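Heads up, the next two complexes both have chain A, just with different partners, chain B and then chain C.
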Partner chain A sequence: MKNEIKIITKNWGQINPRRIEEYISAGGYVALKKFIEKMTPQSAVEEIKISGLCGRGGAGFSTGVKLESVQKEPASSADGEKYFICNLDESEPGTYKDRSIVDNDPHLLLEGIIISSLIIGAKKTFIYINGNYRKQAEILGQAVEQAREKKFIGEKILNSKYNLDIEIFSGAGAYICGEETALINSIEGNRGEPKMRPPFPTQCGLFGRPTAVNNAETIANIPWIILNGGKAYAKIGSKKSPGTKLFIINGAVKNPCVAEVPLGVKLEDLIEKYAGGMQEGKEFWFAQVGGSSGRLVLQKDLKMKMEYDRDGKIPLGSGAILVVDKTMDIHELLLSWASFFRRESCGKCAPCREGTFRLYEIAQRLKDGEISERDKTALEDILWTLRNTSFCPLGKFAATAFSDAIEKLKLLQKYE
Partner chain B sequence: MTTEKILLNFDPKMKNLLPALKKISACFGYVDENAAQKVADYFFVPLSKVFETASFYDLIKTKKQPSLIIQVCSGANCAVESAYKIIREIENHLHIKAGDEFNPNVKLEIISCLGQCGSGPVMIVNGNVFTRVMASNVVGILQGYL
Partner chain C sequence: MQIKINNKKYKTENEETIFGVCARNKIKIPGLCGMKDFHEGVCRICVVECGGRLMTSCNTEIREGMEIITESENISRARRINLELLWADHAGKCATCKKNQLCELQKLAEEYKIENFHFVPRKGEMTSREELDLVRDNWSRVVTENENPCVSRNSEFCVECRRCVNICPEKKFGFNYRAGDVVVGTPYEKVLDCGFCGECVRVCPTAALTDQNDFFKIIKDLDDLRKFSIAILDWEISEKIFDQIKNITAEKDLKKILFDLGFEKIINLEEKDKDREDEIIKNIKTDYAQKEKINPKNIKTFFISSKIHKKAEKNEHLDYILSEREAARLVRDKEKMIEGKIKI
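Moving on, here comes the complex of A and B:
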């Protein structure tokens, strides 16, 4: 496809991800030099705010606003420490965009991390990587070493006043640690349970210091914004949420792929143009947008625009799209969703701990064809409770796909 | 390798508690009470705190593990690629049930996403990852470990 705008994937397949020299000769670390020589942290944060970049992890919160609030936070603690954390704890089923970034262009991510850390005034940065991504942790470790040799990390970066140390922290297999407060708890050596907000991590985060936690894909956009300016970025994609997004398209399509596409693209086009349409002889049933915590989209809604929008009906989530065809046994999918959330519920709050467990039991009975009247009323009750009373979004997510399956696919009707 | 030697690689700071526990679990298969006490002393925290953290994470075990551990991902993408067929195949072949801990020698676990969704279904046998597994070659894979 011509006239494609590529921000994150521009070097994919073009350079050797293991060699910093190739990244530099492809125009790498120029943004870092520009930031250090010509910009102040204040002007850089202004550019990011103008760009309209929002969090790519799923919540879609404005990145500029988040970085600015940590930047402005007075360093009240004794050591004046602030932290930056790159959230690479990608464990949403169907999502491997951050892994692909590390596999193909780790230095782009690293450059973004360095710039973001310097913007907020952090001297110590953690990259929290999924514990199962062993190879990726090794690639990043090597990238950090190479960057240190070139003086992009360490004391007096490129002979400026900036100092920064980066540490890779490997998780231990918990989905909930992708939630920022749980992630912070995990680095502090606690159980990875989410914390009450406020205080927000931007005020009181890791070890009680102001902390910015940003998704890896979000950070990978920052070098481009610093180089080309916020205004240029704001022109890409949709008005509500500018920029490009990595979509991971899987399931019953011809070419499952990770594609970088400007936001605002129609779901239909993603499936037809980028993933090559449906496989031979398979008929579209529904698509799940945003991994296992995402909502279901039927044929009639395929024209919807993919963008981060607070009032939007279908949240984008991580950008994972699972296309399901009519031969799929829906009960297996229900069981897959329910067992995933039952396993990953952290157990802090009762609605989620008990709700996900009961949901799993009912999903099992559904699969065995033994669902009772009592189950059907209980199901509604459990889903409502999960949606409205759980402590963190995990509980709500557990109910999302299940409710959609019941409403949109009219799942329970055949039992009536 | 001893627990003490592993611990010496870490500063006794709280941010190193999880990495240290992970390392011990990977080295000895699990964190036993003896090792946990040493960790508690080294990090200067109560024993309960060590188990509180250790018991939360999937990659840290607090019980002795069977010699054969089979894990199958049942994430939505793997489920679409008929992961449940593979689970049934293993259950039938080894006469065990997923999630049960009755057999001291072998365990079948259903696990969450590993980020290999492009090449599902994913199956792990004693740490070795197999992708694009088909029900017909499950027995062949298991043969190498029995």
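Moving on, here comes the complex of A and C:
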């Protein structure tokens, strides 16, 4: 493919991720030097705002606005502390983009983290990593040590006035801890469950201090923006959400992969060009965009543009794409979604705690092919209450894929 | 600030919640998890509609120009489904329950006319072995604990409202496990060991936390004509008892009510006795044994008090400690017996 724009994956496979020297000789930590020598936090945030970069974790909130609001937030406590947190608690089924970033280029992520932390004025930064990512935690730990030796982290970074300490905090592998308030609870030592918003973490986050929580992939874009400017970034990809995105294409495709593609690409192209099309003898049925909590895309909608759009029908989520062919046992898939959410609900609010449990029961009966009239109304009721009354997005996500499957694939038709 | 509730304008103060404004203006919103100062928003029953979206009223702060609706088809649907979901996981043993007719879940269930076991598969509907395993697995997590002297715990009745977790001054309760397996428990699932202030029992909406007592023995001793039963009333208990029984009896004289229950003598402790209550109680049995010329073994003393930690300190001078809730339960059962509804 010609004219490929690579921001995050430019070093993948080219350098040894364990050695900081190779990253530096590939042009690493230049952005950090530029930021320290030539920019102020205010001008840097302005560049990020111009770039139009938005959160890659799923919500698609503008990164510039988020960083600016923490930057402007008056320090609420006497010590004037602010925190930056890198969200590496990647646990959406079928998603491994953040893991790939750490595996291939940990220093890119680290550079992004350092710049973002300095922008908001944080002196302490946490990298919240999924508890199952043991190897990645080790790679990151090594990277932090190397960066500390080179004076990219620590006191008086590169002989400037900036100080920063980075701590790697390993979670316990709970899906809910990817939600920012639950993540903050987890670092504070509390049970990993969401908190009421407002107050938003940008005002009152970790230990009551203003806190910015950003997804690892989002942060990995920041060195490029600092180096090349916001305007250059805004030209890449779609107008609504500029930049590139890591897509993880799985399922019945020839060549499952992680691909960095400018946003605004058609789903069809992703499957055909990047993943090599469908496997031999398999017929496309639908694709699920955004992991277990994602919506389903049928053949007729394959031309949809992949971009972060508040009014868009199909949210991108984490960027995981599961391609399903017609030989798939759909009931098995439904059961796996239901069991995932039954296991991963934190148990805080009634609709999610009890609803996901009952949903799992019904999915099991659906698989056995014997659901009753009562089950059908119960299913409708559960999905409705999950969508409308659950405490945090997890409950809402639990219902999306399920209701989509029932609606679009007409699963309950034979019971009518 | 000014907001609209059900198309009527209301003045509000800063940092008030929707629930707070409604409570102040006597607009009824049901709820199961909230209590004074603590609003977790976990039961999702207090939902109201604002701008076409459902939101919990108890922890949503008001904003200028909000237009809130407190009753609509969607709202009652949400409340009904969430109640049904909670009920499906509830023991539902109302007839024998200690909290029968005092239970908040039961009251709401009645109010919203819920189908109690809408989500629970019937015997004929269970298809696979896994299903049965699941049910078994779910029930295996039920915690019943009667080993501590004061508080009886049974998670079968629990609706995970977190009132006990929030109110406990010693932070003895917390959540164990996750998702549908969540259970309110003690650290490392040890026997509850605390100062037994009884606050958790007071706030529990269901019978998950109740007073520990041998109720049948109490009734037997009260009804036994050979036994001389003395009630010792703590100094500010009578109001609390009346608060508990206001819906049950029209009788306003506590003395008469207690005599009806089978007590032979009532002693009121006064405020000045606060520090000497142990001393007073110690002498009661010997005093009455001399006065009434009965064997001290046939005298039974009942201390009616909110200090349920006393239950741990039973001795030969003091046979039973009853909280205001248990006294109310005695009254309630008596009333029903007179009406001929139940047999004890």
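Everything below uses one rule, namely that the second predicted complex is superposed on the first by the 416 of 416 C-alpha atoms of A that agree within 3 Å, B and C clash if a C-alpha of one lies under 4 Å from a C-alpha of the other, contacts with A are read in each partner's own complex, and residues count from 1 in each chain.
Just so we're on the same page, a residue touches a chain if its C-beta (ideal position, glycine included) is under 8 Å from a C-beta of that chain, and two chains touch if they have at least 3 such contacts.
The model shown is predicted, which means the values in this text are computed figures rather than measured ones.
Asks: By the touch definition at the top of the document, which applies to A:346: first (chain B), second (chain C), both, or neither?
Replies: Once the two structures are laid over each other on A, A:346 reaches both partners.
Asks: Look at A:278 in the shared chain and tell me whether it touches chain B only, chain C only, both, or neither; answer first, second, both or neither.
Replies: In the superposition, A:278 contacts neither chain B nor chain C.
Asks: Quick check for you: in the superposed arrangement, does A:390 touch first (chain B), second (chain C), both or neither?
Replies: Only chain C is touched by A:390; chain B is not.
Asks: Examine A:188 and indicate which partner it touches, taking first as chain B and second as chain C; both and neither are also allowed.
Replies: first
Asks: For A:412, using the defined touch cut-off, is the partner it touches chain B, chain C, both, or neither? Pick first, second, both or neither.
Replies: neither
Asks: In this superposed model, does chain C or chain B come into contact with more residues of chain A?
Replies: After superposition, B is the partner touching more of chain A.
Asks: A:378 in the overlay: touching chain B, chain C, both, or neither? Say first, second, both or neither.
Replies: After superposition on chain A, A:378 lies in contact with chain C alone.
Asks: Identify the partner contact of A:139: answer first if only chain B is touched, second if only chain C is, both if each is, neither if none is.
Replies: In the superposition, A:139 touches no partner, neither chain B nor chain C.
Asks: I'd like to know which partner A:198 touches here: chain B for first, chain C for second, both or neither.
Replies: Only chain C; A:198 stays clear of chain B.
Asks: Residues of chain A that sit at the chain B interface in one complex and at the chain C interface in the other, please.
Replies: 174, 191, 343-344, 346
Asks: What residues of chain C sit close enough to touch chain A in their complex?
Replies: Contacts found on chain C: 41-45, 47, 54, 59, 61, 74, 77-78, 81-82, 84-86, 88-89, 118-119, 121-122, 125, 127-128, 130-131, 134, 138, 159-160, 174-175, 177-182.
Asks: Along chain B, where are the residues that touch chain A in the complex?
Replies: Against chain A, the touching part of chain B is residues 14-19, 21-22, 43, 52-53, 56-60, 74-80, 82-84, 110-118.
Asks: Given the complex with chain C, which residues does chain A contribute to the contact?
Replies: 174, 191, 196, 198, 342-351, 353-358, 360-361, 364-365, 368, 370, 372, 374-375, 378, 381-382, 384-385, 388-391
Asks: Going by the contact rule at the top, pick out the chain A residues touching chain B in the complex.
Replies: The contact residues of chain A facing chain B are 90-96, 99, 130-133, 169-175, 186-193, 207, 248, 250-252, 256, 288, 291-292, 320, 322, 324, 328, 332-333, 335-337, 339-340, 343-344, 346.
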